[in-house]
Amino acid sequence: METSLVLQNVLTPPVLFFFLGTVSVLVRSDLEIPAPLPKLFSLYLLLAIGFKGGHALQDSGLGGQVIPTVGAAIMMAFLLPLICFVILRVKLDVFNAAAIAAAYGSISAVTFITAESFLENQGINFDGYMVAALALMESPAIIVGLLLVKLTGPKNRPNSRNIRWREILHEAMLNGSAYLLLGSLLIGFLTAAYNPIGIEKMQPFTGKLFYGAECFFLLDMGIVAAQRLPSLKKTGSFLIAFAIFMPLFSAVLGILVSQALSLTPGNALLFVVLCSSASYLAVPAAMRMTVPEAKSSYYISTTLGLTFPFNIVVGIPLYMGLVNTFIPSTL
Amino acid sequence: MKRLDLIFSERELHEMLKCLESAEVPGYTVMKHVTGRGPERVVSEDMEFTGLGANAHVIVFCEQSVLIKLKEKIQPLLNYYGGVAYVSESTPL
Amino acid sequence: METSLVLQNVLTPPVLFFFLGTVSVLVRSDLEIPAPLPKLFSLYLLLAIGFKGGHALQDSGLGGQVIPTVGAAIMMAFLLPLICFVILRVKLDVFNAAAIAAAYGSISAVTFITAESFLENQGINFDGYMVAALALMESPAIIVGLLLVKLTGPKNRPNSRNIRWREILHEAMLNGSAYLLLGSLLIGFLTAAYNPIGIEKMQPFTGKLFYGAECFFLLDMGIVAAQRLPSLKKTGSFLIAFAIFMPLFSAVLGILVSQALSLTPGNALLFVVLCSSASYLAVPAAMRMTVPEAKSSYYISTTLGLTFPFNIVVGIPLYMGLVNTFIPSTL
Amino acid sequence: METSLVLQNVLTPPVLFFFLGTVSVLVRSDLEIPAPLPKLFSLYLLLAIGFKGGHALQDSGLGGQVIPTVGAAIMMAFLLPLICFVILRVKLDVFNAAAIAAAYGSISAVTFITAESFLENQGINFDGYMVAALALMESPAIIVGLLLVKLTGPKNRPNSRNIRWREILHEAMLNGSAYLLLGSLLIGFLTAAYNPIGIEKMQPFTGKLFYGAECFFLLDMGIVAAQRLPSLKKTGSFLIAFAIFMPLFSAVLGILVSQALSLTPGNALLFVVLCSSASYLAVPAAMRMTVPEAKSSYYISTTLGLTFPFNIVVGIPLYMGLVNTFIPSTL
Amino acid sequence: MKRLDLIFSERELHEMLKCLESAEVPGYTVMKHVTGRGPERVVSEDMEFTGLGANAHVIVFCEQSVLIKLKEKIQPLLNYYGGVAYVSESTPL
Amino acid sequence: MKRLDLIFSERELHEMLKCLESAEVPGYTVMKHVTGRGPERVVSEDMEFTGLGANAHVIVFCEQSVLIKLKEKIQPLLNYYGGVAYVSESTPL
């Protein structure tokens, strides 16, 4: 059954455009989406999902499963990097282990979006407030990553490299993508409360256009991911295995938590995808600033070159299959 | 007059310009969205949208005396974050 | 009552996104909208308001209040810079006074757009032909500014700096933003007359998308305006006071003219906003070319860093309050 | 009758925006659409027409007139460059003749789009599968152009300049624009077959937005085309005449073939436009790589500065007039 | 051979290139979207969209003799609008 | 140390970087979207979207010995496709 889900997932525009991008690199086509056009789409997607999430949050209110779900998501963002760190320390030094752990504890907004499209395609309901979980899982993972360096790293780092608390919090809360996502969430929330006409007038931009913009962006992500493939060789087989098995392990953890929270199948899938996806935006930027000892090619190549494509193509339908098995639909 | 070429990550641009100001350079020129390769790292175009930041190329035309002041301020930044700084001779047209 | 209008204005997406941009600079988030993406949005907005305005102008015809209103607007664009110049000469030299006067005599298209959104939100009608006034107020202010330099400036300017008539008219009529706005107006006018299907097919692009694109652009304007704040210190308290009180003074003048023309409340607000807003696009570009003696930081920082945010956040609802007081709605 | 069609064509938004761009250069306005914004629109247009074409192809199936029409189109893409080459050899060397021949054998996607808009405006039906013809006419012309150099060119080219078969096919099939167009066609085809919801969700992006984006892009094309005008002087009167008469000649050929295939008037116009338009994207890129001896200013200035504007403004309605004369509508 | 680096506002690019052509330079290279600071003015990225224009960086490789012709044409432009011009030694690879 | 400035069409960037790598340069810096004019051809901004490609400007700081290796690899590319290469003196800050 998972195979049929994988097929159904593969034959949707977002995944097909992702493939189109990947193949263009493999066959050495000169298709190129020049900078800063990808940035336009990534800013747009963050703004749009934030805004729609804030609107949904206003509609659902903060009662019911909202607080427990978001709380559990934040908890996972603290827990997962710790698990990753223990695993990664087997082969890597403190700096690289902490940086990669932070990336895998955090989330990928595009993977989340693709999972939402998958659910809509399958006609499975999910709640808009899950975006709040998305927005709040970025910072904790960064904090844990930096704390791990601070606590377990060598004490004789040169003075300039001592991480200060202010710096940790600044990087965790105020990096561009987390800021835009949270800010748009807040704006969506306020607009829905005080200015319903505003919600309606935003709809063609944040709503209708979304799917097409997502496809365009995934075309670029396909190019970027494929360009990362060669440098995967240098990261070694340990990290390659980690980039595939860690998402699976996180997914299983995510399913257990979803079951405990009695999430609906749709919400459960999104929760699982949050756990199993890894950040290639906010976290790498924060780590580059505060832990320059870690090799950026390690955490970028694994998250972007391997975990992201894996989740987009195989992971999402696979997790859906697991969700269907473990969490019986109430319908 | 001297010409200084600085190439380093865009993310340190703000801090680097503060160094230039405190060394009282007469002016500077900034080119962003620059890519490249150093002894260890490759900086590619997509690093801009992942937030890692591409490189910036900064040119400063100044007197040797300014360069000396500048050197001690800039060297720690380049050592910490990476980047290169080269000096050549240059005369006003 | 104005306070409640201010609150209602503040809680709309455009103003909230403007705040989001401003705050990102104040808290030193690394949120950035890299060039030339802002240019994409500014070109789009000019094209779209021009096109819609041309369409509206075709529908309304040139009868009724159209000619008097547009005529009064052009008159204001000649008159306001003269008043500004007299005030500014108290403290500034001819070059700077003329350049700033031209900016305040001219208009800000984004302020106009935000006022339109405000009216739609309040459910107040206004006429599309006001865009024609917008399009025609840019050039006169530039002409007056350059004439002021020519007539009152030192006669011993180096030869190369003597402003020629051809140059004045070229800068006034053919700078990129005025040209695109007027051109799109004409195209909208012609299309509405000869090709109604064309109007319909443009609608998703110029109509539906507009509000969202406006929000995105205001996010960037928030960033840009906040970046201008530090350099306001250098402009001195005289100019800071000017940047707040001149719009208020122009607004009062605008209300008197609106009353004399018996404009509807909606049109009156737009007329007032045209008077009180200041240009940070076309005029600075023209002044930079023809009066390089003027400090560009003066006219950019005041218009963009102070007058623009003031109008967007407080000015529009304030002027609406004044309009409501002085111009009784016929409803 | 053609004159009235020309007028009707001129008064549509796409053509008017094209004029706006052209005039801005002629009057030296500083209107500018900075790179890479034009690239955004050209990528979008290719993606959107490909996707819609694939969808249409799925709906129509490969029966009926599809295979004959597409086959005839490919045949024209092989035949036309040969005719051009013979004509061009009268005045030009092998390298330049082959490069220009390839450009005129190939197609211009934007001209095709404008022709579609023209048909929609006139209320004349056409079939979506014509996009397949568009997508498949780029490669043959490139192959013929390179073969002409290989076969008729001097045998003593330096070794490095010997064109290899692999290189020819790579350039012909995998240049960015052909790849994106064909890939999007395939994605549209697959999506329509397996994921009808996906088609619906793409519609606001690929469908509704299209006309506006086309106008914006034509604004830029107007600027670019006008910037090419001065360099036309250097190409000489022979090439200027060629750039006008060759499209007319190709159009006549195209009408004869359309008649033989009994195409509907709408499809016939599109077929004729494919024949008479010339490539300024894929072909120049391929020629620049493999035949650097040819002057790029020759093939760019003629296709972009002359043939493209001619087709957009006068050609399309003229060809429609011819189609109406030779191919009686069955309605 | 000499290498000339010109940095000035994008808005004067057209006029500056005309000067280069009239001095018969063998070629030139243009980089736009450049920012910077001179003795008085700051040129920031947003000046591009306000229409004020960011800077352009133009490089010319040419003989000393061309440079002399160039100097008298370019100097007035730089004096009027601002901008810098520096020369260094350079040899073809 | 030497500074090498290479200016050529973006479309050859990939091949050119392979030459640099095979000559074992310690690093390089790439600026794209560059326009200009050579003895015969004009490279304008719109060539980027027609797919012809604008220019790239590549800077390499390296030893004279590397330059010699580099020269023989790069010269054929420059001869075939066009482009310029100039060398100046440069010292690390």
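Per-chain residue numbering starts at 1, and chain names A, B, C, D, E and F are given in the order in which the chains are listed.
Convention: contacts are C-beta pairs under 8 Å (C-beta built on N, C-alpha and C of every residue); 3 or more make two chains touch, one makes a residue touch a chain.
All values derive from a computational prediction rather than experimental measurement.
**Q** For the two copies subunit D and subunit C, is the contact made of the same residues on each side, with over half of the numbers shared, or of different residues?
**A** Counting which numbers both chains contribute, under half are shared, so the two copies meet through different residues.
**Q** Looking at C-alpha means, what's the farthest chain from subunit F?
**A** With centres defined by C-alpha atoms, farthest from subunit F sits C.
**Q** Sort out for me whether A-D or C-E is joined by the greater number of C-beta contact pairs.
**A** Pair with the higher count of C-beta contacts: A-D.
**Q** Which chain has its C-alpha centre farthest away from the C-alpha centre of subunit D?
**A** Farthest from subunit D by mean C-alpha position: B.
**Q** CA centre of subunit A versus CA centre of subunit C: separation in Å?
**A** 41
**Q** List the centre-to-centre spacing of subunit A and subunit E in whole Å, with centres computed as mean CA coordinates.
**A** From the centre of subunit A to the centre of subunit E is 45 Å.
**Q** Can you compute the centre-to-centre distance for subunit B and subunit E, using the mean CA position of each chain? Integer Å is fine.
**A** From the centre of subunit B to the centre of subunit E is 21 Å.
**Q** In whole angstrom, how far does the Cα centroid of subunit A sit from the Cα centroid of subunit B?
**A** That gives a centre separation of 33 Å.
**Q** Spell out, as numbers or ranges, the residues of subunit E touching 2 or more other chains.
**A** As it turns out, subunit E has residues touching two or more other chains at 11, 31, 33, 48, 51, 88-89.
**Q** Using the touch rule from the top of the page, what residues of subunit D touch 2 or more other chains?
**A** Each of 30, 34-36, 39-40, 175-176, 204, 208-209, 285 in subunit D touches at least two other chains.
**Q** Tell me, which parts of subunit F touch subunit E in their complex?
**A** 4-5, 7, 31, 33-39, 55, 57, 67, 70-71, 74-75, 84-89
**Q** Taking the touch rule as given, give the residues of subunit D at its contact with subunit A in the complex, in rising order.
**A** 35-36, 39-40, 43-44, 47, 51, 170, 174-176, 179-180, 183-184, 187, 190-191, 193-195, 197-198, 201-202, 204-206, 208-209, 285
**Q** Once bound in the complex, which stretches of subunit D touch subunit C?
**A** By the definition above, subunit D touches subunit C via 8, 11-13, 16-17, 20, 23-24, 27-37, 40, 117, 120-121, 204, 208-209, 211-213, 215-216, 219.
**Q** Please give the residue numbers of subunit A that touch subunit B in the complex, ascending.
**A** 34-36, 38-39, 42, 158, 160-161, 175-177, 224, 227, 231, 280-282, 284-285, 288-289, 292, 296-297, 300, 304
**Q** Within the complex, which stretch of subunit E touches subunit F?
**A** 1, 3, 26-33, 59, 61, 88-93
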